[in-house]
Amino acid sequence: MVFQQIIAGIITGSLYAIVALGLVIAYKVTGVMNFAYGYMGMISAYIFFTCFSMVGMNYILSFFIAIAFGSFVGYAVERGLLRPVRNISPASMVIITLGLLLVLEGVALQIWGNNYQQIPNLLNGLPLILRFNGGIIVIPQQNLLILGVVTAVIIALILYLNLTFQGKAMRAVAQNEEIAKLMGINSSLMMSISWIISGSIGALAALLVAPQTFVYPDMMLNLQIMGFTAAVLGGFESIPGSIIGGISIGIIENLVGTYISTNLKTTFSLAIIVAILIVKPEGLLGSAKARRV
Amino acid sequence: MKKFFVFSVILGLLLTFAFAADSSSFGVYPDKVVIGTFQALSGPYAIIGQGMLKGMKAYFNWINDQGGINGRKIDLLVYDDQLNPALTVTDVKRMVEQDHVFAVVGGLGTPGCLAVMGYLNDNGVPFVYQGSGAPQLSNPPKEYVFPVQPNYDLEGHLIARFLVQNQHKSKIAVMYMNNDIGQQELDGIQKQLADFNMKPYMTIAYNPTSADFSSDIIKLMSANPDSLVIAGLITDTIRIVTQIKQYGMNIPIVTIYPNADPAFIQLGGKAVEGVILTGWVPIPTKDNPDFTTKFDQYLKIYQKSYPNEIPSSYAAAGFIAAEVFSHALELAGPNPTRDGIVNALDTFDNWNGILAQGITFTPTDREGKTSMYFMKIENGTFVPISGWITLK
Amino acid sequence: MKKYLYFIPFVLVPLPFAGYPFLLSIFVLIGIYTIAAIGMDVLTTWAGQISIGNAAFFAVGAYTSAILVVNFHVPFLIAFLISGLFALIIGIVVGLPALRVSGFYLAVVTMAFGIAVQQIIGVFQITGGYNGIRNIPVPSFWIFKASPLYQYYIVLTIIFLIFIVLSRISFSKSGLALFAMRDSEIAARSFGINLLKYKLAAFGSSAALTGLAGSLYASAIGFISPSQFDLTLSLDLLAMVIVGGAGSVMGVMIGAAFFVGLPFLLSGYNISITIIQGAVLILILLFLPKGLLQIFKIKDLFKKKVT
């Protein structure tokens, strides 16, 4: 049962991890901690629902329309709302994204109403069953799909950031915008790209979790909270950090749920994370920064 | 300073217009009776509230088309509390203190009903029909509170008896929502099992807001019970059933009457096939032809307001709420008072309306309905698998 | 003295509405949220710390007070003070990690705390689990009945007292130290300001004020359950400060009126309230950085400029 719980934890955690990843990419390049992140993804889940269940398009097409929409929302929010006010204080920036969250929630309510909508699982067949001496592990097909998609996205992203010129340019902007500009990097383009990637990851996360949560305006609330926690645990500036952060939270949650208390699983997990932060305030893989007056 | 003063006065005036209400008391006017209800019209349980409201509206529209009751039309005020008790409390205060409703009819949701029950009773406002099966509503009986739905404790007893005697199960697991609904069902199940010298094989409490049940289901799988009772509401019950199926578990599942609605099948799809539910709103079958005629009448009344729509069972609940209140209002005579309604309701003795069947109230026993039946989801429809069952 | 005159309209406001108890209870709620939002303001505007977990202190105050009054029949006034004290202690404990982490990390730590408290309340028997606590009596003293008008004046008095205390602090040495810390921690430290003490003081007083508001809330609504103290409440408290105008009791009051009053005003129309709230929040940050208060051109009442 321990293995089984750990595997289930890894799967839940991988969802936390990609949400954290999306948050971190946008944060690294543009310095915005996006509180509306999950809600941007939620809109894409509704787009999928509209295409697939209301219009009757096919699953794959609807899926890609929704992801494309997510990247568009990411672009539009950064370019239209946040870019013009880049220089306000970080606290005000957080509150602007909070305002955006409220607007998105309201827009979803106004357009699609507040009923729970269903998105079917892509894979519904029998689960994968692994037997080994003395134990048995069951993994539902949808979970395998989640794991596969998340792994693919993470690998693609790491390759992109490390091997392509654009990816390197983006990292340069993340490290020091001024110097990157002097080197001839189009930092404005890099900012847009980071939000496009972030927006499409958010949409993807929403689509993966939607069959389980149903589609409704607050569907991403929990995932967003855990994504933030994962990002912070990982150091908020580190991509491997957010992946490790997400997966460890998923595992901690399931183990706490099994051996301590189902009802207090979030509480205990959060307590563990706060404890880690107190010991290591910059997160697992973050770096302490020298501050000047 | 001056501006601020002007601002406060303007704000005050605005609010006054927004809340301007006739202060003539008790909601009975020469041409109408104003009553109130609270329903989840948005939020997670909107599917229940919207259905229930439709049922109520359909019946009241029909009554009003016939000229109302004793010459007065029924005017129904609706507040959307999203099944959030904090909103219910302010909404009900508003109904009573601002809108001066005559009675509150058919409020939905256990938390909300329990939160306002005491307030309504203390203020002498009749509270007729709750969309809830909380035993605290009927026990102890309260002067102004009239529950109709069977209570969850009773239902827990019936489910346990059904599983043991009818299905011959011995390892019964219970997953329950960790609030009144789930706890009372569990309580009923435990008491009934104790009578058989048994106890639940395992129990899992879950937080009402959970969405990921994987760790609970893994626990369930490794314990391997022979049947599972889910005491939760529509969204979480479907999540659990779906995730159980995803893990490839094949276990008989019984769930409670608040889930017995076509929406359960619509939202759950193939995953909920084979789930057994209890029901208390009668459905027509071949062996009760009398009721089939009445059911047709119900459909006709409903479809007059909502053409071509098949009513949900929540709509049936709302319809029954409206029936019970309207009948009491009729009995209360040409000059109805709140106490008059109470006295009229206490004369109900196995009363049959259109859908409302076998409803009884006395000043000392306020359990309106105490019989239920079991049904199973087969090929996307509910199929009764038992007759009416009572505990006695 | 002049600044106290601002309270006169508030003494008079409820009189025309004496016959509308429901309306008065909305005013009462606005007052209660004002107190909680002042608590948030103390933390964010004065001390420069972000919290998105203040709903937890609200819950702590509400539950402490409700349990004392319902289970132990403690007089409300005592329960009220104890709930403030208890929230203060918890606030200081929560403030401890804040000494190590800052900025976004702190925001996430406070968020974690808020969610944990909500969950813990849902589990224990004494708090009534997810069912909550029902029928919390409305306090009444001597001949005063527990009417909304009476509650209104109680809440107004408390806001007035808080106003006086905060005005005093902001002109004192401690106030200056707080502002210095907000503007630059390192600079403040170099002036010999004990950051530890002031950060904890800011967390503690923020928690205490929010706890007191929670206590009033429990008795005004008469029913509390975990779902009332969610992340949305924490975010709303933060938004109230921004919308109305940070650093001023009047501003915070406007913010509270906007978030509490508006939904009731618009409940009859088919408009999603969150669109308006969100849009106003964004527009204010973009065009009125000092909040709605700026429209009325009221000067900062007690916030002394540190230049």
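To keep things simple, chains are lettered A, B and C as they appear, and every chain counts its residues starting from 1.
Operating definition for what follows: a residue touches a chain if its C-beta (ideal position, glycine included) is under 8 Å from a C-beta of that chain, and two chains touch if they have at least 3 such contacts.
All figures in this text were calculated on a predicted structure; none of them were measured in a lab.
With chains as nodes and touching pairs as edges, the resulting graph is complete, every pair of chains being joined.
With chains reduced to the mean position of their C-alpha atoms, the one farthest from subunit A is B. Ranked by the number of C-beta pairs in contact, the top chain pair here is A-C. Per-chain Cα centroids separate subunit B from subunit C by 36 Å.
Mean C-alpha position of subunit A lies 38 Å from that of subunit B.
We define each chain's centre as the mean of its Cα atoms; on that basis subunit A and subunit C are separated by 32 Å. Within subunit B, residues 178, 207, 209 each touch two or more of the remaining chains. Among the residues of subunit A, those touching two or more other chains are numbered 109, 263. Among all residues of subunit C, those that touch two or more other chains are 119, 122-123. By the touch rule above, subunit C contacts subunit B in their complex via residues 5-6, 9-10, 13, 16-17, 19-23, 25-26, 119, 122-123, 129-132, 134-135, 221-225, 227-228, 250, 257, 261, 264-265, 267-268, 296-298.
The part of subunit B that touches subunit C in the complex is made up of residues 1, 3-5, 7-9, 11-12, 14-16, 18-19, 21, 23, 79, 84-86, 89-90, 93-94, 97-98, 111, 114-115, 118-119, 177-180, 183, 207-209. Residue ranges of subunit B in contact with subunit A, taken from their complex: 42-44, 46-47, 50, 178, 204-207, 209, 211-212, 214-216, 218-219, 221-222, 235, 239, 242-243, 246-248, 266-267, 269-270.
Within the complex formed with subunit C, the subunit A residues making contact are 33, 81, 85, 88, 90-92, 94-96, 98-107, 109-110, 221, 225, 228-229, 232, 236, 261, 263-264, 266-267, 270-271, 273-274, 277-278, 281-283, 291-293. In the complex of the two chains, the subunit A residues touching subunit B come out as 1, 4-5, 8-9, 11-12, 109, 113-116, 118, 120-121, 124, 126-127, 129, 138, 140-143, 211-214, 216, 222, 253-254, 257-258, 262-263, 265.
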